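Consider the two complexes below, in which subunit A is the common component and subunit B and subunit C are the respective partners.
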Partner chain A sequence: MTQSAISAEDLCKRYGKKIALADFRVDIPRGTVTAILGPNGAGKSTFMRMITGMVRPDRGTVTVLGRKPSWKTNASIAYLPDRARWFGGHTVRQAVEWGSKLLPGFQTDRAWELIDMLGLGADQEVAGMSKGQEARLMLAVCLARDVPLLVLDEPFSGIDMLSREKIVAALIDSFSERSQTVLISTHEIAETESLFDYAVFFAEGRNALSGDVEELRARRGSVQDIYRQLYG
Partner chain B sequence: MNEIRIGGLRFSLDLSQPLYEQVLEQVRSSIAKGEIALGEKIPSVREMAQALKINPNTVMRAYQELERERLTETRRGQGTFITTDAARVQEIRNKLAEQAVEQFLAKMESLGFGLKDIESMIRAKGGVSQ
Partner chain C sequence: MNIGTFAHLFKHEFRMDIRRVYARTWFWAYAAVILAVLLVALGVWGGRRGFNPQYLIYFMYAFPFFMIGVGHRALNREWSDQTYGWWLTLPYSRFRLLLAKFAASLVQGMILGVIAFGVLLVLVLYTSLLHGKGLGEAADFVQIELQYMLVTAAAVPFMTALGMAAAIIWRSKAKGLLPLIWIVFGTLGNIFNWINLYTRPEKSESTVLLFQHGIPPEVWAVLAGMWLLAGGLFAVAVYICKKHLIV
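The block that comes next holds the complex of A and B.
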């Protein structure tokens, strides 16, 4: 394959007695939409946090866009953390203004296009939003950034079906628009597996399987089938 | 599997098989069956990706292969169109027919039928007139 966007070598991380990552290795190719899969507690969020330098490995190295994670590389990453919330006091318009002032690569026109596509309005207040609406707003802010790497930690979790469908449509639109490397962790495999061209299956802090999704389909069946084979 | 229709094309995708091949085969077969007319415009990569809810890279790969097979042509600034070359479409129809016959023969052979049996069975069905 081509150059890797992210490569991890022998990553280890413990929280007290709990092992989050154990000799984790992976090479995620540039320009792919990559699924980060596995049961809760398999190490997915820890790995995603390491990419942005929020968590440091106890051992091993991770290389992001050819560099070590730092505030410098973070300017090239749009990251949506799990359990994220937006500022309750903001309206959608204020969120866009905030993004255009503070987020590297933020494209205001693109943000409005996405907000429109995601069914939100400029004057809506974040405090009055449903979980699905707030998730859509945060996704719009992430996708509006023209940066080489997008990291979305569970953008679909706990969100209603219509919001999920809107998010999927916005993602596809975004993938057509620009060539970014995109990492998405999700448990909603059935609905999203057709979006991915690369997948990494985490199991107990290790890389249980990773590869090109079309090749995996030819060899072992759907991503859903493989998930059942690995964890069932 | 749900059938998805978009711009004269029909798709039903099976997630346990490579999607690129399915998109390619299903467009090819829509052309061969005449479900989509010669010279007709096909949806853009983005539209197709949205309709099928798949990665645009997958659509792009299938479109590139269709173009390589001269079943479609891209006109700068206008989009992608089904070929206007009827002879090329006929070639593809013949090829698909050949494949169908091969599959049928292989299946009959696996059931233990020879060419003679097959011939008489087809005649009995009224499928071949002499």
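The block that comes next holds the complex of A and C.
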């Protein structure tokens, strides 16, 4: 039996009257690159935030790498938050320094390789960066960590096509070198479909469908087709 | 606590707003113009009755309130700059994350306070020497500054913790408690004035000294009490950040 990297049982979360997660269940196998898919407001970001301990469930349990989420488990998780910005006063060099001092598993040499690959310079100031450049910097900080779990919440949101291509290339490069469990929440399915081994489709806070991508493809067509079937 | 990572967290927090202020040329332009106007005005009218640079010390009454803003901003900027996701998922306890912000805000406040007191002392010295009053007036002013420093030292940790607690409560399920906190603060806020009114004789001469007949013993008790309250507010901020934050 495959070990779970993340296991959720009957997760419920409400924000006032809005239900973010409703009896959500999932088992995400270790060592897979998993697509977290669904329309806006389906509960994807809430689930990802629960993995990092930022959000607590109202009911139900979630285990991450066999433990309850907390600030301690975050030492094993590289997390790219949804709609995040980088610290405005930093240069790229200071961002790398921040990562090397505060993030366990941060590999400075790897960070510089990624930064070079993503077309950024050490003395570039974050305050003067385009959204795409800032997204590439944030991704480099995450990918430079040698940790068992990588959680990327909408890494392509609002990013131009060229930046997206660079980011996908960096992801492919990174995944081929390491045996991490990776979760990526995205709406850019066409550009990223080839990355995924496993997929979880969210609908109104529930797990509408999940499974091995190859098996899903054999049964129901491409990930994009399944997305259209479920939400179209 | 791992001192190494705490030192890095502190350094990060300490630099964030310093960089921002440093980069704002308009801030330095205002500071230079105000200083130039003060120097000219004190050069022309300084030493006359009613135009004494000592009265500038009254702006220190605003200083503790300014520290509410510093504490509040230390937390709130994580949301306004959209960096809270990075900050809250650092693999360090909420206590350590908040303590780094609190300590950085306090040190920023202390540095600003020392600079402000230093500038005032220079202005008093400048006026005294320019108008032939000797160094006696400046020596008296040091005594005044020490009293204001004591009150500032008592109030600043409390005000900083209040600013931080208010910012975190605003982002939490306990948002409804915020008005109550401001009411309690408004009641306690004038505590030094009350002590002064209570201990001041009926007819006293006009002076900028806070405590005209030495520092009353109650002040030391209030100082300790305010530090305890600051610790309590900080603990509340940590608890709410841990259990009731809405993100």
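As a working rule, the second predicted complex is superposed on the first by the 231 of 232 C-alpha atoms of A that agree within 3 Å, B and C clash if a C-alpha of one lies under 4 Å from a C-alpha of the other, contacts with A are read in each partner's own complex, and residues count from 1 in each chain.
Following the convention adopted for this analysis, a contact is a pair of C-beta atoms (placed from the backbone, for glycine too) under 8 Å apart; a residue touches a chain by one contact, two chains touch by 3 or more.
Here the structure is a predicted model, which means the values were calculated and not measured.
S.K.: Look at where subunit B and subunit C land on subunit A after superposing the complexes, then choose clash or fit.
M.R.: Because the two structures are overlaid on the shared chain, the partners are seen to fit without clashing.
S.K.: According to the stated criteria, A:218 is in contact with first (subunit B), second (subunit C), both, or neither; which is it?
M.R.: It touches subunit B, and subunit C stays clear.
S.K.: For A:231, using the defined touch cut-off, is the partner it touches subunit B, subunit C, both, or neither? Pick first, second, both or neither.
M.R.: After superposing on A, A:231 lies clear of both subunit B and subunit C.
S.K.: Once the two structures are overlaid on A, work out the angle subunit B-subunit A-subunit C from the Cα centres, in steps of 10 degrees.
M.R.: 160
S.K.: Between subunit B (first) and subunit C (second), which, if any, makes contact with A:101: first, second, both or neither?
M.R.: It touches subunit C, and subunit B stays clear.
S.K.: With both complexes superposed on chain A, which partner does A:81 reach: first (subunit B), second (subunit C), both or neither?
M.R.: second
S.K.: What's your read, subunit B or subunit C touching more residues of subunit A?
M.R.: Per-residue touch count on subunit A favours C.
S.K.: Examine A:112 and indicate which partner it touches, taking first as subunit B and second as subunit C; both and neither are also allowed.
M.R.: A:112: touches no partner chain.
S.K.: Could you tell me how near the closest CA atoms of subunit B and subunit C get once both structures are overlaid on the shared chain, in Å?
M.R.: Nearest C-alpha atoms of the two chains are 27 Å apart.
S.K.: For the complex, which residues does subunit A have touching subunit B?
M.R.: 33, 168-169, 172-173, 175-176, 193-197, 214-215, 217-218, 221-225
S.K.: Quick check: in the complex, which residue numbers of subunit A touch subunit C?
M.R.: The touching residues are 15, 49, 52-56, 71-75, 77, 79, 81-89, 98, 101-104.
S.K.: Enumerate the contact residues on subunit C facing subunit A in the complex.
M.R.: 5, 8-9, 12, 15-16, 19-20, 23, 81-86, 88-94, 243, 245-247
S.K.: Applying the document's contact rule, which stretches of subunit B touch subunit A when the two form their complex?
M.R.: Per the touch definition, subunit B meets subunit A at residues 13, 15-20, 45-46, 49-50, 52-58.
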